[in-house]
Structure formats: structure tokens, C-alpha cells
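Each chain carries a letter (A, B, C and D) given by its place in the written order, and its residues are counted from 1.
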Amino acid sequence: MAGNSFGELFKVTTFGESHGKALGVTIDGMPAGINFDLDFIQSEMNRRRPGGNTLGTARNEGDEIEVISGVFEGVTTGCPITLIIKNTSQKSHDYSQIKDVYRPGHADYTYEAKFNVRDYRGGGRSSGRETSMRVAAGAVAKLLLNQVGIKIKAGTIQIGDIKAENIDFNHDFNNELSCPDEDISTKMVELIKKAKDDLDSIGGVIECHVNGMIAGLGDPCFDKLDALLAHAILSIGACKGFEIGKGFESAKLYGSQNNDQMKMVNGEITFLSNNAGGILGGISNGNEIVFRAAFKPTPSIYKEQETINKNHEDVTIAIKGRHDPCIVPRAVVVVEAMTALVLADRYLVWRAYDAR
Amino acid sequence: MAGNSFGELFKVTTFGESHGKALGVTIDGMPAGINFDLDFIQSEMNRRRPGGNTLGTARNEGDEIEVISGVFEGVTTGCPITLIIKNTSQKSHDYSQIKDVYRPGHADYTYEAKFNVRDYRGGGRSSGRETSMRVAAGAVAKLLLNQVGIKIKAGTIQIGDIKAENIDFNHDFNNELSCPDEDISTKMVELIKKAKDDLDSIGGVIECHVNGMIAGLGDPCFDKLDALLAHAILSIGACKGFEIGKGFESAKLYGSQNNDQMKMVNGEITFLSNNAGGILGGISNGNEIVFRAAFKPTPSIYKEQETINKNHEDVTIAIKGRHDPCIVPRAVVVVEAMTALVLADRYLVWRAYDAR
Amino acid sequence: MAGNSFGELFKVTTFGESHGKALGVTIDGMPAGINFDLDFIQSEMNRRRPGGNTLGTARNEGDEIEVISGVFEGVTTGCPITLIIKNTSQKSHDYSQIKDVYRPGHADYTYEAKFNVRDYRGGGRSSGRETSMRVAAGAVAKLLLNQVGIKIKAGTIQIGDIKAENIDFNHDFNNELSCPDEDISTKMVELIKKAKDDLDSIGGVIECHVNGMIAGLGDPCFDKLDALLAHAILSIGACKGFEIGKGFESAKLYGSQNNDQMKMVNGEITFLSNNAGGILGGISNGNEIVFRAAFKPTPSIYKEQETINKNHEDVTIAIKGRHDPCIVPRAVVVVEAMTALVLADRYLVWRAYDAR
Amino acid sequence: MAGNSFGELFKVTTFGESHGKALGVTIDGMPAGINFDLDFIQSEMNRRRPGGNTLGTARNEGDEIEVISGVFEGVTTGCPITLIIKNTSQKSHDYSQIKDVYRPGHADYTYEAKFNVRDYRGGGRSSGRETSMRVAAGAVAKLLLNQVGIKIKAGTIQIGDIKAENIDFNHDFNNELSCPDEDISTKMVELIKKAKDDLDSIGGVIECHVNGMIAGLGDPCFDKLDALLAHAILSIGACKGFEIGKGFESAKLYGSQNNDQMKMVNGEITFLSNNAGGILGGISNGNEIVFRAAFKPTPSIYKEQETINKNHEDVTIAIKGRHDPCIVPRAVVVVEAMTALVLADRYLVWRAYDAR
């Protein structure tokens, strides 16, 4: 209700502020008896961590997972799994610049409008650092999904106005953007560097593919699988748009173009296209799930901007500190994680109601 | 969990199938003592009803609201409000065409994959007729929002590849598409008629504006206001995409372009632009909320298509009966209704936690 | 949140007032493909119905179940099942006696304190007639539980200070109190008749037994099976107490007396006693579940009582109309129904997490 | 769903095992801007801590609260508050006695039936040590309730068959049982010591009083305030019974005896008795709330008992280690805490719907 939980059967609650003692997550609903592969979870954390590539900042947050509960002798116990990462670099920062000023494009103003108090240290709870715990929970969800062969893979397909042309997800991505088009990725990297040089930032688009789907996940009416995915993905701080399958393009099409016709091919039920993106009537059809998410440029820029302060006076701000010129590369694993949370949840719902 | 409820404090549960006895909705969480304006609710129903314009079908579903509970002497009592509409035209239909065949683009196949049984009469629960109850509930939500001055207005801004150019929402829309651009709307109507003549259907885009917002609605992390809106809007059957503010366009922008800078103007806190669409960090900033939703062409078309049947044999189908060549005009009020459900819910959450 | 829903996976929402158009229930979460035995459901309704025995009132409410949705060709579809009963005897009543007066022991005063409006017709939503929908939902839950052999049986074991001595539940109860002790039941009936003759009412105790339990139902910490049962049972209007196993008696015992020791008997895991009432640490141990619920005397009595009215003036009231001198006999099936709702819910949760 | 959360608007999630790294609680839904009185919270922890009195064990668990998140500059921020206590005495224990044996009266067997794995270290998640986090959360809830003058006080009124005679809660309790009857309390202490000397344990009853209630808390039908209290209290490990007001005694009464008649006294709405225990129709009437909870003797006893092991062989066990001969004195603050959680939750629900 207060917004820090997600999921119904695979229920995740996150806590912690950017510059508080620690960030953490409690997963209530992981079935018992599953091998808890901590190395995998840590490797997922490392994919999100800043300092992991040449594009981000010099920060090295560490983000080492500590297991507090729910795991015994290497397996899950059915009891709540709590994972935390400590904020090691809790040195005394200078917050005088942002303490009383609302940074444009940030949640500073709205948090204060809502709560009347604000933890201004590094954005507090509204910091992108909050997504670390989504990645941790998503990694646990992937452990569950792995058991039934569901595989999630996201990649960068657009930075600014540069779009990947060859969007083939069936190979390893060998670039720091996780872009499926290796050639185009170098141009994307240049654009990010240019934005950085301009004291600015740039947005982008992430595409996500899910394979090995069970037909029948998702629930009618309000808990349609794509609606839950949209909820999950839009809940990532900088996300401004979501589309499934053909998405906004489908608005331009005729029904005869957009419908995925069916045929038996080698004895298998086969869709002749996948404009739906793997979901029909809110329920997975067994096809690959494909969706895209638009991310705005990170609002923290070094350029001077107009804004107001707590006393409602006009001021200008050129945000100091270390910040990414483009959040997209680090958001790839966050998109996967949120997808995993939705699918793990609906997989358990399916077990409750529909598994035969 | 099973998907037929939406909202936490303003909680809506819908039930009923397209060709069953009745469709209904229970609203659990409408505060007591509010005048229950049944005429307004019925007028909202009429906006969705088929046969209300020249574009749709000849069906006239009636959709007359019957109040079962929760209202006494003209005001809400704080107890659950149940509204139903009877399916008056329950005459004996001929379902032989669709009984055993999976219509392309419909939920026939996925419902059967999930439930192993299927109410094939008019699509059963997966029918667009289910949205009537969203409209009924949304109308009740609007009664609550009216009390605090929150106003919701949606309109058609694109049909196929024809886009409105003048998107001004501050006037009455005098065309059957609820399109803000009266001139372009006639071209849109022509395109819909063309699709109909071609035995085909066509998609479109709806934009929604909310004014009179309280700053502070929405909740951090997973219940961001835009995430909840995305969930709500994507849960409408034919919706394939959602974007808030600049949406997918923001992916192309630099931070210095996308950030909404602030200034005191005539003593009022003012955003110099509204690229965010009225929501920052998931919390309303008091600005107009603006979002768009993409709708696919209705999958029911008269053209012949390839598909399979229950016995997993290849067949063709040219869907008979009455169906809309474009669902968009009728979906306008459904988009408003889902928006109202989200805002009524978060308004109550705000009262619980944040009202001062 | 607003209180009219119960359960998480087997989720029930009830609506309707005593003298409104109809009462109804929506069950969201009944798995698909289960034979919908309407005769059984109606027979459960008849167990609760007034006028079914010599002890109650002359009212004959009918309570005929109408199926609105969720059932097709005799089986459940996985979509919400809505059942209603119409209030046939909606003739014009004279409410002048209770319109402005708070009946002692009733919810009249508290509903007005809470909602500031009150549907005074027959108690509105706070009427015992609301339990009819619990029985309807409970009957559907029993259809699910029957599939795995879980059987629920409740009976009257105390009326006033008369207690059943022979509490054997393994036979049919052939008296209108559903009392396991046929001999004592006649004394109980006499006491109820005496209360009636005295223009008064009398309380009692119901005991409930559940057999065929799966070991492992219920969830740690806050969703202990006995906690959920207590919640369910105390939510029945007139219930004032709940105890599981030895209950309040266990407070007097030593650990060595109260612990249920274990032994292998004929190769079966066997508890040497059942003081726990079939639940340990909140999780079913496979033993018979046994609990008791205390019911207060119905507050509606013909005797004159002191109270106040809406204008906060002292008045007296001798409640007219038809009311039961003892609610206990009709509450037996309500206790069973609430038990069934809890068990159906936790059975589905167990399928999601624990079934192997 | 998996049972480790409680409450809807004031939502508490606990985690951690008896002998794991730490126990913790996340409170999602504490309003912002409330002074976070850590000394008070710690003092509540100390009331539950073992070793605090002569009756318990020599263990000194410390239970020092560490604040992880949600508090900034001494006030709550509206973001999730996470509190933990570290398990300092994590020295290497010898678990060989209980590793493979099901202790009678414990959850060992049922956890294994449910999860197929079991953290046997000190009972893992099923340990009474889990209640420490209820106390921490309850203390935070009390900070909220204090703001509106709601006061909760529980005390021991029965140990074994010794009952307090003078149950006056309007004075400080000066005995280590928190018994309102100072004279009888010495006899109770003797009985506990006798049980200890006999290598046995003993049960008891706790009564709880709530003053300063707002009329109108609690919600109709399934979320009746007494039903929520019953749920909360029965969820405490050793609790076997709950009764509100006259409770089981009311089953013996006539309506004319049990109804609380009303009168205007000095211009105040006054109930002439409080047999209802402050709740009518599930909604608080403003009167003192009074309820009782029965606790079984702690199942851990030094006496030899029969049981079985994992291999389904008969064995005997005389449980070693340090355990309380009576859990009741330490459960007093746990009962208060669970009461506070229910009331804080329903107070927020009331703010959302009903506050005028």
C-alpha cells in the first residue's frame, strides 16, 4: 500500500536509502528446497553496479550481498529471505548544494510535497540505488524460473536517436551496453560519451525477451501478464514508456496485418507471427515474450538549470558529484529483474490454480 | 490474485461473461455520505455502449445500470456498492463457428491453455463487454474525485497512421471519436469506414489528461503513480502500449532538454515544461497528468484468416457477427475510467498517510 | 481493506443489505473445471435459513441461489463466480421504531459513529442475514475441499449453561440444534423455548471438527492456520470467543500434560493426544482440527431495554418483529462455511508453495 | 500470503531465525514526520527480553535495536522502517539432540511436513524469539497511536489454575508478571517456580485493556476489529484461545443480561455495562476494549517425553538447554504489540475512509 512491496505470492519488500546504513530486500514466498546460488546473485548485482564499465562513474559501490535469513545449509527454507548490501562509502558528504533545492527531473519536490520531510542524502529512497534490491530479488526469482526453463534476456536497442538495426537476441552480447547489434553499439557509446562531454545526459530504449514460457501464465481482467509487466517496468525510476509486441506500431495496423494467425507446423501449435509479443488476452501463449521500455535521460546533469528552493525562491543548480550520463546500460539487468519478479509471481499463481 | 479485482483502498471486483446472465461490479471502499448520481453513471455507460455512433455495430446492448447494494436514500453508505447490467439479448446464438476454433488475436487459445475449459459464448469473460463494468466503477470513482476537483478527460489522437495535429484538450470534443482535432477527425472517420468496407479493422492511440491534481499522490518504489496507471491501462483488452509525458520520445532527448525546470511565477511554483507528464519519482507534482495508450486493431474481422481448432487441425475462419472496425472511440471512456480507479485509490491512500 | 473480502487465493467478496434488492457473493479464485453442484449449495443455504426449525421465527426468507457468472455447462470456468439471493419479502416495513434509535447490543450506534449514515432497514449490512453469503461461498469452498477429502462438521455443544456431555462427532446429528448429544439436546431446546417465552434470548457454544486434513496447511508467523480460523470465526456477528484444541483449559495445564507426544503406531505417525487441536506452530499436523466458538445471545429481544436515540435522548425500546431467541442452531453451518473458506484458501496457498 | 506480513496500511513484515545472523522487521506504512523515540522502542524490547526477571532463563539475548532505514534526523520519513537485532550469541551450539527429532508440542514436525527442510537451530523461524520483532513493530505502532491518545495495557490474570481476583488495570503493576493483583501474583510466581522445579512448565491467561479509543475503528463483515484482534493474538506462537468482553461467559447469558444498555450521563453517551468489550458489530464503540488470551505451557520441558525422529523411529527426549517454565510474563508485551499493530492499521484505514 505504501508502495515498497511487489508481487502477491512471490512477494518482495525493499527498504533502505541511498546513503543510509544499508539497503535490503525481503522475499516472502520463495518455495523451500531450492539451491541458493549466491554466486549467481552476486554476479547479477555486479551487472548493475556502477564502475563496471567505461561509461559510468568512478564510484565503486561494492554491493556485496549479505544473507540475513531464509537460507539454511545452502537451500531455501520457505521462510523469508532477507538480503542486504551495506553502504560502505558512508563518509561525510557535503549535501549543502541539494539540501534545500529541488533538482529538476528528480523526486525532490514531490517527496517533500508528499511527506513534508525528505532524506536529501543522495536522493534517499528515491535514488536509483534502490534498484539494487530489485536486482537481488530478481536474481532469486530467476533461480525459481530456471527450474522450469524460463529464460529472460534484455538488451539496449536505442540510445538517443541511434537505433540497433539487427535485433537478434540469440547470441551473447559483447559490448558494455548489452546491445544486440555490435556495430551500432559503438556509435551508441560515442553518443553517450558526447553527452558526458557536453555535461549532459541521454536516454534510450531497452528490449526484453523471455523464452521457455509456459502457456497460461497471467490472469484475466486486471492482472493481465502484460499489465503486470507494465506496472513492474514503469516502476523503475527513469522509465517513461512500455510497449508489448508491436506496441505503438500496432495502432497503425489493420487487423489482418496485426493478428497472429495460427497453423500446425510439424505437429506443433505455431503462431505465424508474434505481433502480440507472446501474450493474448493477458495470458501467455507460449511464444517468446517481447517488450520495450523507454528510459529518459538521467536528470542529474552538470549543466546549469533553473529551479526553486525550499523557501520558494528562484535559484540555479549545476549538479556536482558523480552521475551516469546514461542510465540505460545499468538498467538492462533491472528490467530483467522486474520481469523475473512478475513471472515468478504468476508462475506460483499458476501452480495454485491451473497446474495440472 | 485471480485477477478480477483492482485497487487497494478503492477496490473494484468485476464479474460476468459477455453472454451470461449479467455483468457486475462491486466497489468496496467508496466512502460513505457521497451523493450517488446515478444519471451521471448511466451517462458514462452510454459513452461506451455500442450503437452509440455511426462507426460501431448495430448492436444495442442497453447497459442499464441496476443498483444492488451500498446506496441508501441517495447516498453511499460505506458498504460495498454492487452495480449490474443484465444481458438482455440472451437469445439463442449460433456458436458453432467459434465453439471449437481459436480466433486469431483473441484469448480463445490462451484461456483454454490456462483453464482447460472455455465459455465460448461471445468470448465469455475475455470479451470487450467486460469493460462496461470498468466504466461503471470509474464513474463512481469520478464522483469521489469530483469532490476534490480532479478532472479526467481522454480523447482519440490517432487512428491508423492519421494523427491529430492540434491536441488541445480545453474544449468540448464535437465528433464521435472524441478527437481534440475536429478537422482531422473526419479523416479518421473515413479511415475507419474504409477498414470496415475492407472487412478489416484498424488501431489507434488515446491520450488522457488529468487536471486539478493534488501534489503528492502515488507511492514510492513499486506503486509509482505512473506504474499504477500503466497497469490499469494495459489491463484494457486491446491495449499494447503506454507512455507518460514525453514517453518514448524522451529516450531520444538530452537531460537538459527533458528536465522540467522550475521557477516561481506570480508566486506560484511553476514547471517550465511538462515532459514528465505530471509525475516525478512516481508521485504527482500537481501538473497536468498526460499519458497515451496504443490500441491494436480489434482482432474480430470478416476477412478470412488461418487458425487451428481444438483438435489441432488447420482451419480458416472469417468471423461472422457484429464487431467494431475500430475499438478506439469506445475505449476513450474506458481509459478515463481506469484512470479514475487509480486516482481514487491513491487519493484514499494519501488521506490515510499524507493528508495534513 | 473496507472489510467485505476474505481470503487471498480463494477470495470471497460479499455485498448487500438485509432489506435491499439482493445479497450476493463473488468468489474469485475457484479453480476451473470443478463440477458445480448447485443442489448441494442450495442445501447448505437451507441449513441456515430461518423457518427451518421450530425454534426460530416464522420468517421464510427463501434464499434461493441464482448463479450470475463463472459457471458454464455445469463446471467452474476459473472466472469469478457470483451468486445472489433476492430479498423477495421487500414489502414495505415500518421502520419508525428503529430508524432513530440505537438498539442495545446491535451495531446501530457504531455504524453511525463510523459512517455518519445508516441503512436502518433490518440492520442493513450489519444484519445476520449477511451470513447467508458466507454459507454460499463456504459451500463452493467445500466443493473444492471435497476433492482432497477434507471434511468439516460443526455442532452445538452448549446452550446457556447446558453442555453436551457426549461429544462424539462420528454420527449424524438428529436434532434441530445439530447437537452431538441427542439426550442433552432436548434440554437445550427447552432452554431456548424458555428464553423465548421470557421475551429474551440465550447464547451458546459451537464446536467444529475437520477431518482428512493434509499436514502442512497454514503459514508461519502471522498466517498461522489457527489465527486465520480465529479471524474467520470471530468475524461472524455474534461470536465472542474462539479456542483451539484444549483452548482456555490449556492455560491450567503443565507442559507434560498438554504436549501431544508422538509414537509410531502400526507404521503410522501418531499423536498420543490431540490437545493442540490439529495445529502445531500454526501448521496442520494431519490430526483432526477441533475448535470451539462462543456465541452471545442475540441482542434483539422483546423485553424493554434502556437506550438512546439519534438526538442523544434517553428512550426505551422493546424490539418488535421476528427474531430468533437463539442464533446458535443457525450459526452451525456458518461456522462450517467460514472454516471451509480458510481451508480452501490455505489449500491453494499450499499448492502454490509446498505441494510436491 | 507466505505469512510473514501483517496489516494492510500499517504493514509489518518480519524475518530471521532464532540462531541466524539477525532478526528484523520492516514497517511499510508509518506516516512521515513522527518523532522516532528509539529509547521507548528499546524499553519495550527489554520488557520481552529473557533474563529480565527471576522466572526466566539465564539467557541474555541483548536484543539491541539497530535502525537500518526510514528514519532521518530523528523523524520518520514515510519510507519503510527496518529494525534489526543481531544474534550475538551465535556461538557453536550442539544441535545433535534436536536435529533429527520432533520435539512434542513444537513445530518441528509440521515445518518438515510443509517445507521438507527445517532450520533446526533453536527452532529456526518457529522460535519464540520471532516475537521480538512483533514487539519492535508494536512499539512503532504505539508511537502512532500515542498521537491520538490510544493506550494499550496488558497483564497476567491467570497462571495455571490461580486467577487474579482484583482485576483493576488503573495502576502500575509492581510485579514481574505484570499482574494487576499484587497479592495473588506471589502465588502465581510460586506456581511457576514449582513447575520449574518439577522440570515442567505451566500455562496462563493474559488480559488486555485499550483506552482512549476512537468510536468507528474496524470494518464491517470480515475485518471486524475483534476478528482482526483474534487473528493477531492467535498468531502468537503459544496462544490457544481468545475472547472479547464477556467471551465464553456470554454463551451462558440471556440477552437481557448481556446487552449493554445505553443512557445519557452528564451529557455523555454512556454504556451501562461493557459486556461487549468495547466492540459492537466489529466496530469500536469508544468504550474500553477488553479481551483475554489463553497461553499453553511452553512445550520445551526437561521431563522425558515420547516422540519420533526423522527416520520414523520411536525415541524419547528430555529437552536440554535454557527454556522458560512459563512464557506468559514475557508474552504480556507481545500481546500489547499485536494489539497495537491492529489498532494502528485500522486507525489509518479510518483516516482513509471515515475521518471527518
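The rule we apply is simple: contacts are C-beta pairs under 8 Å (C-beta built on N, C-alpha and C of every residue); 3 or more make two chains touch, one makes a residue touch a chain.
Bear in mind the structure is a predicted one, so any value in this text is a computation, not a measurement.
Chemist: Going by the touch criterion at the top, tell me which pair is linked by more C-beta contacts: C-D or B-C.
Modeler: Counting C-beta pairs in contact for C-D and B-C gives the edge to C-D.
Chemist: Any idea how many Å lie between the Cα centroids of subunit A and subunit C?
Modeler: Those two chain centres are 46 Å apart.
Chemist: So what's the Cα centroid distance for subunit B and subunit C, whole Å?
Modeler: The answer is 39 Å.
Chemist: Measuring from the mean C-alpha position of subunit C to the mean C-alpha position of subunit D, what distance in angstrom results?
Modeler: 26
Chemist: What are the residues of subunit D that contact at least two other chains?
Modeler: Touching at least two other chains: 1-5, 8-9, 14, 29, 32, 78-79, 114-116, 125, 220, 349, 352-354.
Chemist: If every chain is a node and every touching pair an edge, decide which shape results: line, ring, star, complete or other.
Modeler: The chain contacts form a complete graph, every chain touching every other.
Chemist: Where on subunit A is subunit B touching in the complex?
Modeler: Checking each residue of subunit A against subunit B gives 1-6, 8-9, 14, 102, 104-107, 109-111, 113-116, 125-126, 130, 158, 160-161, 195, 198, 200-205, 215-224, 226-235, 237, 240-248, 250-264, 269, 272, 275-277, 279-286, 294-301, 303, 305-308, 312-314, 349-350, 352-354, 356.
Chemist: Under the stated contact criterion, what part of subunit A meets subunit D in this complex?
Modeler: Touching subunit D: residues 1-5, 8-9, 11, 13-17, 20-24, 26, 28-29, 32-33, 66-70, 72-73, 75-82, 84, 114-119, 121, 124-125 of subunit A.
Chemist: Under the definition above, what is the set of subunit B residues touching subunit D in their complex?
Modeler: So the residues of subunit B touching subunit D come out as 8-9, 29, 31-32, 78-79, 220, 348-349, 351-355.
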